[in-house]
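In the two assemblies presented below, chain A is common to both, partnered first by chain B and then by chain C.
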Partner chain A sequence: MTGPLIPMGVIGQGWDLVIALLIGIAFGFVLESAGFSSSRKLAGVFYGYDFTVLRVFFTAAITAMVGLLYFGYMGWIDLSAIYINQTYLWAVLAGGVIMGLGFITGGYCPGTSLTGVAIGKIDAMVFTGGMFIGILFFSEAFSLFESLYYGHYLGPVKVYEVLGISSGLFAMLLIIVAIAAFIITAWLQKRIVKVEK
Partner chain B sequence: MNKAYIVLIFLLILAGIGLLVLPERDHPEEATPRELLSDLRNPSRFISTDRVAEMLIDKDPTLVLVDVRDMYDYLDFSLPGAHSIPLEEILLYYWVDSLSFEKSKVVLFSNSDIRAEQAWMLLQRQNHKNIHVMKGGLNQWFETIIRPTAPPETASDDEIDLYQFRKGASVYFTGGTAAIEQEIEGEAVTVTRRKKTQVVEGGC
Partner chain C sequence: MIDRSKKYANPYLSGFLLGIILLATFYITGRGLGASGAVKSTVVAAVNAVSHTHADNSAYYSKFISDDHHPMSNWLVFEVLGVLAGAFLSGAIAGRLKLKVEHGPRITYKSRLVWAGVGGVLFGFGSQLGRGCTSGAALSGMANLSLAGFLAMLTIFGGGYLFAYFFRKLWLS
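Take a look at the complex of A and B:
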């Protein structure tokens, strides 16, 4: 049996949304358990008193990366069959800026705002409402944004291919960056005192 | 720093070093050249145009005809009931269900044998069963079924029977009707193209 399971026909195509729902529920549960349904936790990354979010997502990313590369090496997964997000450079940059601003001002990202809603946080409900208004606005005004949305298409690029290095070397570099980030943020966190009101 | 973190950092670095030193490796479970040659020399994949015509006339429900030429050719002309899966698309995963029926006979055809043979080889490597190639393709179809040539007067009875069958089939496929009725048991097979569903994308 070789993964990815859906493109390889091991799991029927119709199951993808069901599996996505189950993973989504598990993901929401973990986010809530880790305390991410509090806007202070996320805003803490920006203000420097709590870097849990950075640590959790960076750990998740490098764990997934290392796991996938080893699975690929063992032949358990066909890495070429994995869906990779298409890169539209301008859209990614604009989206990153908007998401970052939303992150700082609201203290939530889309996933955590929903976990906040699930436990009845009012600020999360306002944030989620704003998110849906934003989606509606974007959809209705799509023709205005179309050139930005599709601008500078790069295809499903991979960083290590662009850099011209091997995937193993890139993985090692990213692990070093992650570890450095963990150590630096731990050091920073000790020196920055959160002001509670 | 917490001891658990130190252990985790150590493990991560170890995993990273592992990835760094492991050589590149290709994994496809490839058939060896010897296996490929043996597959290529095995004529059991071929099915004659006469047999295809017979199955079509009998309305054999186990027959799945697949036209591997491009879509324009298919729209121009194809065999009755044939499905179009151009060679370039044959590996797309949404055809998997259409090409893997246990009890049916999937017959690939193109203008000659070449594209159908290429498609057959690709599907063979994907471990599909019951995949056949219509020998000679549509060119042969025209020569034998649509415009059969009469055998010489000295021909054997079998050859004359075959010619008569072909003449009948020609009438059948070019607008006439044939009165051959035969009950064939088997499940009717329908080929559907799966809807391309939106890929679920991630995000936090």
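Take a look at the complex of A and C:
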């Protein structure tokens, strides 16, 4: 069966939300069991005492990226039917830095805060409440940010196209960077833990 | 800190499983995972319920309202309900279900809650400007090799590192 299944009409639209719920359960279970319900563990990546975020995040991104390329190569999925994130340059850069500031002050990101809420972290509940306020504020004041929101539109461009290399070469380079990061951070963490003791 | 982390799953195994879940999501739905989008849908639905005219007249809310489709019956909302259930299940199995405020050793629980709120507001705001959060923009965007995904990842984590020095008291001993 060539995917994606729902856009191709292989699975009916009615199953859509059941699948959403099941995928969400798996997503939440893996995030919580990896320790992402703990803000101190998440913040560790920014101070060098815990690199779990980097390990989980990079491994997940690479697994899914390689899987998609492989599925596409084998003809199991029509990659042209996959949603590609649109690049609005100013918005993604400004939004990302603001999210970074939110991460270091709040200790969570939206998905991880929900796993914290689920196991009873009161700080995660406050963070989630804050998210509602932030989103409401952005929506209400949208006209102030509209030009930034739509500024410098590049379309649904791929990162390897911008770099002028093939997707396979880019994937290989990213895997090398990830492995280097895993080795360096494992070494760093040993040293930092020693210093903290 | 070190002893507690032993109860957690191996990060590379977790990452691999998360990658498989993300791949399955793309294979089935044609889109990646998300989190902030569900909060946005809830905000849009709430505002639309309070004043449909206001939501309809807004250049932002109106992007997400269509007459035949209630904004709450959104894929991401159900996915996020699943996230809550899955995380609860994992926490229950591991014995981590407990009402508590987790904070660094140098701050009170009150300052932790204030900063958690501030961080939530900023992250919520940034996720709308950046068209997605760590899940939908960065992780899913990297998996589909979009430029936006890599830029989101670099700026979210880069932003964290950029400001980490100023907020070290919140986290370090």
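Going forward, the second predicted complex is superposed on the first by the 187 of 197 C-alpha atoms of A that agree within 3 Å, B and C clash if a C-alpha of one lies under 4 Å from a C-alpha of the other, contacts with A are read in each partner's own complex, and residues count from 1 in each chain.
One rule holds for everything that comes next: a residue touches a chain if its C-beta (ideal position, glycine included) is under 8 Å from a C-beta of that chain, and two chains touch if they have at least 3 such contacts.
As the structure is a prediction and not an experimental result, all values here were calculated from the model.
By the touch criterion defined above, A:17 reaches both chain B and chain C. Residue contacts after overlaying the shared chain place A:85 against chain B and chain C alike.
In the superposition on chain A, A:100 contacts chain C only, with no contact to chain B. With both structures placed on the common chain, the touch criterion links A:165 to neither chain B nor chain C. Touch criterion met: A:179 reaches chain B, while chain C stays clear of it. Contacts of A:144 after superposition on the shared chain: neither chain B nor chain C is touched. In the superposition on chain A, A:108 makes contact with chain C only, while chain B stays out of contact range. When the two structures are aligned on the shared chain, A:188 is found in touch with neither chain B nor chain C.
Of the two partners chain B and chain C, more residues of chain A are touched by C.
By the touch criterion defined above, A:3 lies against chain C but remains apart from chain B after alignment on the C-alpha atoms of chain A. Common to the chain B and chain C interfaces on chain A are residues 7, 16-17, 20, 57, 62, 83, 85, 109-112, 167, 171, 182. Interface of chain B with chain A (complex): residues 1, 5, 9, 12-13, 15-22, 24-25, 27, 93-94, 96-97, 194, 197, 199-201, 203-204. Taken in their complex, chain A has these residues touching chain B: 7-9, 13-14, 16-17, 20, 57, 62, 66, 69-70, 72-73, 75, 78, 83, 85, 109-112, 166-169, 171-172, 175-176, 178-179, 182-183, 186.
By the touch criterion stated above, chain C contacts chain A in their complex at residues 1-2, 5, 8-9, 11-12, 14-36, 39-40, 42-44, 47, 58-61, 73, 75-91, 94, 96-104, 112-113, 115-135, 137-164, 167-168, 170-173.
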